[in-house]
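Shared between the two complexes below is chain A, which has chain B as its partner in the first and chain C in the second.
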Partner chain A sequence: MAVTKVVMPKLSEAMESGKIIKWLKKEGDRIQGGDILAEVETDKADVEMEAFGGGVLRKILAPAGETVPVGVLIGVIAEPGDDVAALIASAPAPAPARAGAPALAVAAPSTPAPTPTASPRPPAVAPGPMRPSPVTSAPAAAVAAQPSGGRVKASPLAKKIAAQTGVDLRLLQGSGPGGRIVRRDVETAGAAPAAMRAVPDAEFEDRPLSQMRAAIARQMPLSKAPVPHFYVTNEVAMDRAWELREELNALEGQPKISLNDLVIRACALALLQHPGVNASFRGDAIRVFHRAHIGIAVALEEGLITPVLRDCHAKSLAQIAVESRDLAERARVRKLRAQELSGATFSISNLGMFDVAEFSAIINPPEGAILAVGSVRRVPVVDEAGLGVGRRMALTISCDHRVMDGAMGARFLQDVKRLLEEPLRLLV
Partner chain B sequence: MAVMTYRDALNMALREEMRRDGRVFLIGEEIGLYDGAYKVTQGLLKEFGPQRVVDTPIAESGFTGVGIGAAMVGLRPVVEMMTFNFALLALDQIVNSAAKMCYMSGGQFNVPIVIRGPGGPAAQLAAQHSQSMETYFYHVPGLKVVRPTTPMDAKGLLKAAIRDDNPVIFIESETLYNVKGEVPEDPEFLIPLGKALVRREGTDVTVIAYMGMMYRAMEAAEDLEKEGISVELVDPRTLRPMDTETIINSVRKTHRCVVVEAGAGFAGMGSEIGAFVTEQAFDDLDAPVERVTGANAPMPYARNLEKLKTPSKDRIVAAIRRVCNVNGS
Partner chain C sequence: MASHKFDVAIVGTGPGGYVAAIRCAQLGLTVGVVEDDRPGGVCLNWGCIPTKALLRNAEVVSLLGRAAEFGIRLSGFEVNYAEAVQRSRRVADRMAKGVEFLFRKNKIALFPGRGTLTSKNVVEVKGTSGVETLEARAVILATGSEPKSLPGVAIDEKTVISSTGAVRNERAPKSLAIIGAGAVGVEFADVYAAYGVQVTLLEALPRIVPLEDEEVAKELTRTFTRRGITVKTGVKVASAKPGGPGLVVETDDGKLEVEQVLMAVGRAAKVTGLGLEAVGVQLERGFVKVSPLMETSVKGLYAIGDMAGAPLLAHKAMAEGVVAAESIAGRAPRPLDYGNIPSCTYCRPQIASIGSSEARAREQGRDVTVGKFPFTASGKAVALGETEGFIKVVADKATGELLGVHIVGPEATEIIHEFAVGRTLEATLEEIIHTIHAHPTLSEAALEATLAALGQAIHI
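On to the complex of A and B.
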């Protein structure tokens, strides 16, 4: 039988070490894959640590109370007959050098490999509050910490069942060899909510979290708390944009343009002029993007999702209209491809259809800003001619203060306003 | 149905086909006066005479060539290799003449020949006389290759091979000649070539094996049944053309696949089955296809080493547990 190395797991993106609160199993206990071995305190939460393989817990190398770097061997699970002496001898002394970690972690079956902190590439999928599925770090106990940006190991059958049942493989802990997600893991995950529903209560009911809701719930605190938001609001006169849109939509053979398409186009043009807003905080640098990939929040029954419209700066209004409608429709029937859910450099959230005066949105890290779009409302306005009726729309940009300051956000918003108020600019 | 040995089932098949078709004749070493080294041709010289049961010198290439020539001009020879290891001496005749004649003559000459004899691991016959020979033949386009596991298959498949218009390599086994089983006495009982058989139905894993390995896999399946692992056993029976459909259907049902073969694993039957299962049933697999094969070494003479060389029941059980992701108890 295989020897399973128990290493300090990487339970969140930022985690570098964890403190063992207590061991729930002692040396000599028989362990099954999935058993809770110990409780670990991380930078974010106290987390139960699962066994990735079965056997007997032969050795505990890090006692309760000790703080251990991610990836370092803290225990050994093996069959009684297996020789584990060499492995135990190879374990680093307490407070081992971090350099020793990756090698151990690579050898350990099913253990999330620690991501080098100085990774030159951004995670392949960015977590965000609007984007339920991409999970690069997992703070919750029940969730496996997958290697950041790494591929999910699942059997072909498990992938097929997951696709059919809508189970998100990234949220599962594989029980197969090497941590592979196999059929029973997906089936268990798919069946879990039904089991929970089996205990109703007269005064209230506990609705199980959908995969999407669960992901949103996990990501929200990671988006809001660590990112210092500030907000800038302005009001846009939409009379001319409204007329232009009506004119365009009266043209035969042209795709129907929505107000949101006008906003997308305006933002794309403004982002080119204000690259500082089309930017991402990288810890030791600010990454400025030369292309505008815009995430468009789409409300769904069980949550919302943010498909990405790529290269908006290079697309005509008609193209934007066609492609954004396609993305939204496929989002509603859950037919988006993974690559359409990641890579945005900026996002737009529009609640205009709900008669909302204005609101503010939460940034999708690692993006640097998000624009919240309210309804176009007919309001009394005062101009040179006196009191009249005009169409007005409130825009609120939420900005990451680590990336930009208030003036930068305000200037960007001013340009968006100008583009929408002189909407012929959107056509040239 | 009669209960008889594998050997007698082969004898019955030969006798019936010789009675049925005057073109069928036997040729090989010691098959007439001596009744065959393994007594498969017992009594046939007496019944059919020396024109149809031809004893030859020790010259495999020569008498195989005689058989091929006879087949080209309309007879239906059954060539016996005393053991299939000796077929290596006739490899050029088999590979370059029998297998290709139809193709190279533009379809003018069929070669309806059966080349039969025992092969595969035997009991202490050592490196040169105890080996899986089918691998040398099933690679060759133009040959059919049959490995009958039971007495019933021995009869039904040999008769179908004799009636087939193509060259058929028919490899029996020393260790199975005395195995008894039910055999239909109907002289028209045939088992079509290219049809696999599900010998045991199961739901958790498909195990593919033939000949002695099938018997071992059967024991493994019975042991695992007690642990709640349900094993489906598929016997290809004809290795070429292989009945991929039956195998794929089984894997689609169980989602796991183990191939057991007595020969060394490299480029063996398990490699081939593993490849087409991956190609055709990738999305149905819950685990990689596992192979349980003979060790990568010539067959040792020493009994203890011989035992280590061939796949044991325990190794089959372990592989099944691995693909089912169940720890051993």
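On to the complex of A and C.
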């Protein structure tokens, strides 16, 4: 059998390094191709890492908790008889990315060393000699806040109280056995008045960047500066779309449709009409996509993530509703698959739920445009009948000027507007 | 005068003291223990264990009385109370020997005699073979408690007996007044009544087993009365004087003539004669004041068990013994959760409870939901012919938190632990109902009562 090198996989477009959350196999375990070897935290999600070859997991080179650049050897799978000593010995400690891995020109070693979340454990008490007057009056050693992404260890009661009082368990330090969050932890957190929570003793605190925050910080300047953005805004009368949605949602046995689902469907149809917007700047060419893979920005506690709803142009409103909800829910619990995190040709960012009049978004390269969706607001409108009340929603498209011009963006937006204002078109 | 040095000296070898000693030894500390009675304390020798043996006798007697119910015809049978007491002594002896064995196994040195603190880390032992001193880096006091009496009623262990006298007394009186209807009172009422003693149970508070949920007290009163035990509540005893068949008990509800009186009004911490004042140990309402890690107001001096405060229960003492030992060994033990200690009474039907009664939960302003399941609806209970009682689950309406569980019925003292574990793990009603309970068992009633709290009971 061949020796299989296990390297940190590139699980998303922008991924430069990954942190091993935990190994699901241990040294000596027999592995078959396709077995899940480990869970890896990337900048976007927690992803399961598959084995690409069979044999015995002979060596684990990167223990759980370690952050490793893409392409670096983290384990070796081989048959028991195979000599892997040389391979293991040759493994460069924190090596740069493997040659040949594409799109890795960005210097990787900036990745911080294993995240400094180690808890301030009390000094271990020396064994044997006794301490007649122990100073440990605290019931248990403080344990660091729950690792993000991992399972939150909390009692059933603590979970229920947290859900009812809106306490985020991930932010709590558990005082129960092994750092388990128990009732009193949640109650203490819930009882602390907001003002008290907001004004700690220290003047400020430096919060280490999460993988996701670091990725956003790295990626956004790469978009905003080199990509010449221009913006086009229009206003859509949403009265009929609103009514249609209410009617659809009154139907029994049908998935619930959100306003964003209507926008996704409208964009998908409009993108087919305006392929120039569904395009990417390639340096010496403009790549025009024939399919509409739409990225849907989902806000999370620690940043945002844009899972991709593929082939939107070929999906019904109901399909879009079901799949986008599933993507959003899994994004929140960071259970997205790697392929769901890359390959968008266009993106939509909706801040409607935050009572936003309008805003503009930053393009996610290599996409050529992103649509920013504001709230549906009830405003005074003037029509043939005179002054009335209507539902209006602002759409702002950010376009890459290298790919398209203002008129193209405006025509696309006009079509989106028409589809939403004559919403039966979304159903056919 | 011989002098010995240990890491830890422990005064008293009841359930608190012997468990602390063994845990200290496990943690690599050298231990000397002082005991003026047999190892095992009141629990093994004069309390929990011998009374459980007597209660078992009472159960067997009552089952024989019910033989016809099971299709068994007896041409009469004889019971002998003296032999019941002798059996209970054998049981106690065997358990006390077990503690002596555990001491040897863990290399714990036993010093028979009475221990007194001469300083915070020196215990003087006055034994039969003279005076010895134990010098230790930490001392654990675990001297326990003794029966209390009332003014106007002196315990002489002849006509006015305590529980200690009762477990020794091989002769059952013809008539007995039991003053105090807590756990001790109702257990002896059960034993004596089974052996044909005319028992009158006197309780000053408005109901018997006053620490238990009101419905539980009501159920026990009902079955006791049916068995011929006279239950008088809200009655204050003024005096017990010689007269009539033995004693005349004067109460605010009239006079009562009985052969014997059993005082069961509670227990007082044994804190005198230990030298506590000399080393400056602070007391609080008659008990030694301790920290959550069982240290007294004097550094390096610990107190556990009955002497360290309520509840006066052997299992609480054992748990405190572990906390004290681990604390001395420099571990960081988890202090006891005093709100989560099961309370068990072994009369028939048995009583077991944990957490708050329904009334108490409501007083605390909790919005509660209550689920109740009677053993009459339990297949196992009917098959056993033990259908008295019920399980009552009190939970928070919003969260399903298990606020309290109250059981009266067969094997109540065994069933309670699933709720103890549940509460420790902060399980809610849902976790209990998602736990599959084997059929047929008495524990199914625990599941059903939990379901009932959610309005989902199947079998009622």
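Just a few scattered comments:
As a convention for this text, the second predicted complex is superposed on the first by the 227 of 428 C-alpha atoms of A that agree within 3 Å, B and C clash if a C-alpha of one lies under 4 Å from a C-alpha of the other, contacts with A are read in each partner's own complex, and residues count from 1 in each chain.
By definition in this document, contacts are C-beta pairs under 8 Å (C-beta built on N, C-alpha and C of every residue); 3 or more make two chains touch, one makes a residue touch a chain.
Here the structure is a predicted model, which means the values were calculated and not measured.
Chain A has more of its residues touched by C than by the other of chain B and chain C.
In the superposed model, A:164 lies in contact with chain C only, and not with chain B.
In the superposition on chain A, contact of A:155 is made with both chain B and chain C.
In the overlay built on the shared chain, the residue A:316 is in contact with neither chain B nor chain C. Contacts of A:90 after superposition on the shared chain: neither chain B nor chain C is touched.
Looking at the shared chain after the overlay, A:182 reaches both chain B and chain C.
Look at A:54: by the touch rule set out above, it reaches chain B but stays clear of chain C. Counting contacts by the rule stated earlier, residues 155-158, 160, 177, 182-183 of chain A appear in both its interface with chain B and its interface with chain C. Taken together, the chain C residues at the contact with chain A in this complex read 7-8, 28-29, 137-138, 291-293, 295, 299-300, 327-332, 334-335, 398-401, 425-428, 430-431. Taken together, the chain A residues at the contact with chain C in this complex read 122, 125-134, 136-141, 155-158, 160-161, 164, 177, 182-183. Looking at the complex, you find that chain B touches chain A at residues 255, 282-287, 322, 325, 327-328.
By the touch rule above, chain A contacts chain B in their complex via residues 1, 54-55, 155-160, 175-177, 182-183.
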